[in-house]
Amino acid sequence: MIELDNVSKQFDGPAVLAGVTARIRRGEIFTVIGPSGSGKSTLLRLIDLLDSPTGGTIRVNGTDIHANGEESLRIRRMMGMVFQKPAVFNTTVTENVAVGLRFRGAEERVVREKVEEALAMVGLADYGERRARTLSGGEMQRVALARAMVIEPEILLMDEPTANLDPVSVEKIEELVLRINRDLGTTILFSTHDMYQGQRLAHRVGVLMNGIFAQVGTPREVFTLPATREVARFVGIENIIDGVVVAENGISVIDAGGIRIRARSPLSRGEQVALCIRSEDLRVFLEEGGKTHLNGNTLPGTVASIVPRGPFSRVTVDCGFALSSVLSWKAVDNLGIREGSRVTVSFAAESVHVIRQE
Amino acid sequence: TTSDPTPVEKQQLRIATTTSLYDTKLLDHLTPIFEEKYNAEVLIVSAGTGKALEYGQRGDVDVMMVHDRAREDTFLADGYGTDRRVFAYNYFVLVGPESDPANVSGMAPEAAFTAIREKGMAGDASVIFVSRGDASGTHSKEQAIWKAAGFNYSAEVKGSGDWYQEAGTGMGATLEMANEKEAYTLSDIGTYLAYKGNLDLVTIVDEGDILLNVYSAMQINPEKFPDINSSVAKDWVNFMISDEIQQEIASFGVDQYGQPLFYAAQNDWEKIGVTEAEVKNPVV
Amino acid sequence: MYEIIEGFLEAARLIATFDGDVMGIAARSIIISLTATVLATLIAVPLGAAIYFGTFPGKKSLINLIQTLYSLPTVIVGLLIFLLISRVGPFGFMRLLFTPTAMVIAQTVLVLPIMTGLTISALSGVDPVIRDTLRSLGATHLQFLVNIMKEARFAILAAVAIGFGRAISEVGAAILVGGNIMASSFASSTRVLTTAISLETSMGNISQSIALGIVLLAIALAVNLVITTIQHR
Amino acid sequence: MIELDNVSKQFDGPAVLAGVTARIRRGEIFTVIGPSGSGKSTLLRLIDLLDSPTGGTIRVNGTDIHANGEESLRIRRMMGMVFQKPAVFNTTVTENVAVGLRFRGAEERVVREKVEEALAMVGLADYGERRARTLSGGEMQRVALARAMVIEPEILLMDEPTANLDPVSVEKIEELVLRINRDLGTTILFSTHDMYQGQRLAHRVGVLMNGIFAQVGTPREVFTLPATREVARFVGIENIIDGVVVAENGISVIDAGGIRIRARSPLSRGEQVALCIRSEDLRVFLEEGGKTHLNGNTLPGTVASIVPRGPFSRVTVDCGFALSSVLSWKAVDNLGIREGSRVTVSFAAESVHVIRQE
Amino acid sequence: MYEIIEGFLEAARLIATFDGDVMGIAARSIIISLTATVLATLIAVPLGAAIYFGTFPGKKSLINLIQTLYSLPTVIVGLLIFLLISRVGPFGFMRLLFTPTAMVIAQTVLVLPIMTGLTISALSGVDPVIRDTLRSLGATHLQFLVNIMKEARFAILAAVAIGFGRAISEVGAAILVGGNIMASSFASSTRVLTTAISLETSMGNISQSIALGIVLLAIALAVNLVITTIQHR
């Protein structure tokens, strides 16, 4: 178990980490997501004993890891780390992966077997004899992954481990991570900027922002019930609307610049709030074509833009404020909408997540 | 003739000399006098005898000052040098440990050498002779003594056993080495006196004609090297045999060592076996 | 200039005929300088690592001092060793003066600063991520050092090459503590190539000097080829 | 215009590029996608004159760029490149970005202005005086981006420029790329492993596989009509089923291990084909609940797994072969399905893309 | 051992009293060795860059040769220069022998191999992506070199420090082509610290030698502080 207790870290400038607190359970997959420069790498480095915190404590299985000089080797050997920009040793791929095992005095036969297995797992089975320095970006990243995994650490730290990989490789690595977690019970802590990856893999997600965890929760919590406006924005909620609670009886009514929106929320009248509506929860109808939801929201508007997004299109409708919805290409074709079309957007009160503004 | 004593630009005089002579600082003592008198600048390069001669043979200096008659003769005969004048002499000394393991103190040089060799060849580990081994004037003298004692140097002395060691360095270092090894060595008197304070070595043999050490100066042959600074070179040679300087030489070192380092050659030409012209006649 | 050509011819002759004296001198040079280089490597590399990875007050000054000692004249090194081991010196009882051992000591001391400094440079050239990776893989101090050295092997072996070059080419210390002795037994002699070159030069035997210089360079070339081979492994 | 004419490149081992041919039009945004190690970086490096092809020619505006030693500076100065693992110069952020302008002899005043502007564009306005070496991974990548953009090259080459960035930063960079392309008419060639990015930004996409462009086309073409099985897999089509054409009259019928699937295809009877069905095009109904499509496909099956995927769930149904579909969480809840549920999967014949197998 | 202490006291005295002779010698050392180092830098750095970035047959052998020349004894360098500039040599007409200019030339030649070799090492330490980045930013050859140098400045300045150290500490070449002349005018004299140390040593003045050695190291320290300051800018 890893306990982060008010961990802070400051380099020359302002504090990068300013009181990070969390408990990562044994056997858990925990993902750190957060904007570029928010301190994800810094946090992982602190846990791996590669740097010392300016304040706070980090405990692994109850031991304050930074307080114990003599213990640090033992603690470090419990952990494996994949760096954000992995570096490879100037030797063969096999030797690169073998290093950790050799450090632990493994027998040559065991080393050979395990390395081979690890390389196969990351899809580099035939690369053993290649000089690691000549590998492509993604290949290097996979070598780094194999290198950290092969020692079967109790805790696996990974700093954006799939940042340089294509989707097919990413999928393989993700399966691998899940398997390691499941089969070996490895606690896995990784940072990613791919929120979907966080969600796919993690038991829990911590959102690092402004030096602290703005939210820690299950992926579903974080993705559907973001704790702050910034988290909401960060986890990809495209529709965030400011407003004031004007009525509260079971279903609150929020005034957003003159337009009234119904939502479920326990907040009381007069509070400043931000409304989050996932674009997938919006329905778009031609003109007045939609059925009015009881207790729901039905807003008229004009299509402002239609932008392809993966196998979908993002349709942005101006209803006074902009509302983005995601429709399949086919749906767009069927509706026959284009920029300027008059449409109606509807969504349930349950689809509106209300955040109190500070 | 002398050069114009007040030329506008100072003439430069380059002298190559052997280390042992230079290290006595005699020349440092004399050059200011010369420079003042002739408005010249003296540049002295000290080097091993061989290298000094090499400088001379290549015309890199104007004057040569060494102490190795035999090689000087060759040098003159080959036409590289001319107008040799002898300006000083002193004696080599055989020095060794106070205990004198070969028991040669006070012997004639040749006899002492013979005895040292005998003990050394017999395997007496306490008897060691350290040779300069560097083809210097001192080394030449040492070889001459071995020859006079009846030995073939390269066959019977050099490399004949661990008793005979070639230092292959300068006089000072050789003395240090002899001191360290409690060995005998042949030294010029100047260097020995300069080092005496640091050494446990004592004079073992200091008498015998063969120990004579004659210093001479000559100019490099201007016919061979036309841009040699011949006139100042002549001035220097004449300066060295001038009465005033001969007196300076005779008294040099007395205040420091309590005995002179050199004897003036001027009046002892017979004793040192050179012609009177070589000590007295100014170069023209 | 014909001395140079003569020197080459003479060098060829010396090597071709296995000239006994020269071979002995060359062998002594190799033995002494290689020993000194190995010793210096064994000291300088851990020392450089300790300085580079250590954090202690005065670290910067120490590095500056080491760099300054690059300028230590060989004669001064020779003198200091001489004072220590001469009969009246503190280690005089060991009777080391004018022995090959003394030369090894002097050359070791002579090349230590430059090898330590270059080790520090070599280590600072290693990607910091490599260092972190080794640590994160659970390297002990020793394993860490060994592996960092492996990564820096190119630069460290370059340092060894420089150390060897300086050791085998120096003459000031060798002559002061060795004495350039040519005795009849190999072990009592201390004449090495550089001191022999000095001697030949002082005797005015320029082509002989150049010949010996070429022999020295031939040895250096051989040693460097070995080093290069290790570097590129 | 960049013409790649049968470009090949071989290092020590097998050829990495084995005849890449394409024309990238002036002002176009062209994306190279492909698996890790497929040679994307290699190709960009060849174009930027950082390496020489083993065969073939690369022409920029008609000039064979590798044939012309003296021209290479001029050609290189037409281009800017962002490397996959950017390196920064050991100086300040400002100086890093200024380098290209200084090379071109820009006035100090101009340099200062443009650098400031560029830093602002990549969201590093306050970072000018920071030492570049201490930046985070994403920050460095943005510096590299600013550095390449500030010289306003005619052609901008970017090797996975947003690999280390979080989604918010990615969005900013993407907007920037679009703006540069639009405002300055810059031809942009970039590699990415983020196919959606490729799609969002690119006018055309080239899929690099096994040393050649397996397909070049608009994003929509590549994503909906992949040319090969590998491309299909790579662009994220999860359902790829092997079969044989058994009937062909307008709507072909394909036999896939005993199960018959209708599809639109011009291929003739007996041909070996691979069927691609995007998971978004599948509908899942409880038991026999679905209406039978005329000319469509309705297959019974059992739910094999339900895995969260972004704001969706991926529901895999075993119908003899596995079919994955993507449903919103709500839809899954509404259907009330779980692993083992008996369901029906239906999809239109038009949703099936048929690829001839070689 | 008391000679060492005496040496320190003597050094302090020499420096404190601005001893005229010693100051002249020290100044000459600085001028000659700094000039040689600067000249060698101007040659070695572009040369090293040309070798490192060039592709030509025999490149590996050339690098090996350069490494081998690290072992070039100073006496041999001195001899070769001597043969060139002595009166009967090809450049004899220039009358350079026994001048400070000759010493500058000899020291420049002496440190060229090591500085060129270290430049090559320094350049090979630069991240290849940095090189590619410079190229891709449209650097001319010159701009490329200047900027690569900037990136490698730490290692290149270390090379300069080593070059300077070797120049100011060497004696073999200085004495052969300079002659250790102490003339009445500053410009005609060629006595530098190392040759003076040799002379004092050969005269048995050990503490004077050590004092001069300390003066030399003080100079080296000052030069190194300057270099370190530039390195860390």
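As written, the chain order gives the labels A, B, C, D and E, with residue 1 at the start of each chain.
By our rule, a contact is a pair of C-beta atoms (placed from the backbone, for glycine too) under 8 Å apart; a residue touches a chain by one contact, two chains touch by 3 or more.
Every value quoted in this text rests on a predicted model; they were computed, and no experiment measured them.
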Completion exercise
Chains in contact with chain B and also with chain D, listed by label, are E
Problem - Shortest chain-hopping distance from chain B out to chain E - result: 1
Handout entry: Fewest hops from chain D to chain E - one hop per pair of touching chains
Key = 1
Problem - Maximum centroid distance from chain A, chain identifier (CA atoms) - result: B
Practice task
For the pairs A-C and B-C, output the one whose chains share more C-beta pairs in contact.
Solution key: B-C
Fill in the blank from the handout: For the pair chain A and chain E, the C-alpha centroid-to-centroid distance in angstrom is 58
Practice task
Quick one: report the Å distance separating chain A from chain B, using the average Cα coordinate of each chain.
Solution key: 90
Completion exercise
In whole angstrom, the CA-centroid distance of chain B from chain C equals 36
Practice task
Round to the nearest whole Å and give the separation of the Cα centres of chain C and chain E.
Solution key: 18
Completion exercise
Among chain A residues, those touching two or more other chains are 85
Exercise for the section: Among the residues of chain E, pick out those that touch two or more other chains and give their numbers. Expected result: 89, 201, 206
Handout entry: Numbers and ranges of chain B residues touching at least 2 other chains
Key = 47, 173, 176
Practice task
Using the contact rule from the top, write out all pairs of chains that touch.
Solution key: A-C, A-D, B-C, B-E, C-E, D-E
Exercise for the section: Under the touch definition given earlier, write down the residues of chain E that touch chain D in their complex. Expected result: 127, 129-130, 132-140, 143, 147, 150-151
Fill in the blank from the handout: Contacts from chain E onto chain C in the complex sit at residues 1, 3-4, 64-65, 67-76, 79-80, 83-84, 89-90, 114, 117-118, 121, 124-125, 154-155, 158, 161-162, 164-166, 168-172, 176, 193-194, 197-198, 201, 206, 209-210, 213, 216-217, 219-221, 223-225, 227-228
Handout entry: chain A-facing residues of chain D, complex
Key = 11-13, 33-37, 41-42, 84-85, 130, 134-139, 141-142, 160, 163-170, 193-196, 199-200, 219-220, 223, 233-234, 236, 278, 280-281, 307-312, 328-330
Fill in the blank from the handout: chain B residues touching chain E in their complex are 10, 12, 14, 19, 23, 28, 31-32, 35, 41-47, 55, 58-60, 170-173, 176, 194-195, 197-198, 225, 227
Practice task
Write out the stretch or stretches of chain D touching chain E in their complex.
Solution key: 45, 48-50, 73, 76-77, 79-81, 83, 85-87, 89-91, 99-100, 102-104, 144, 147-148, 151, 157
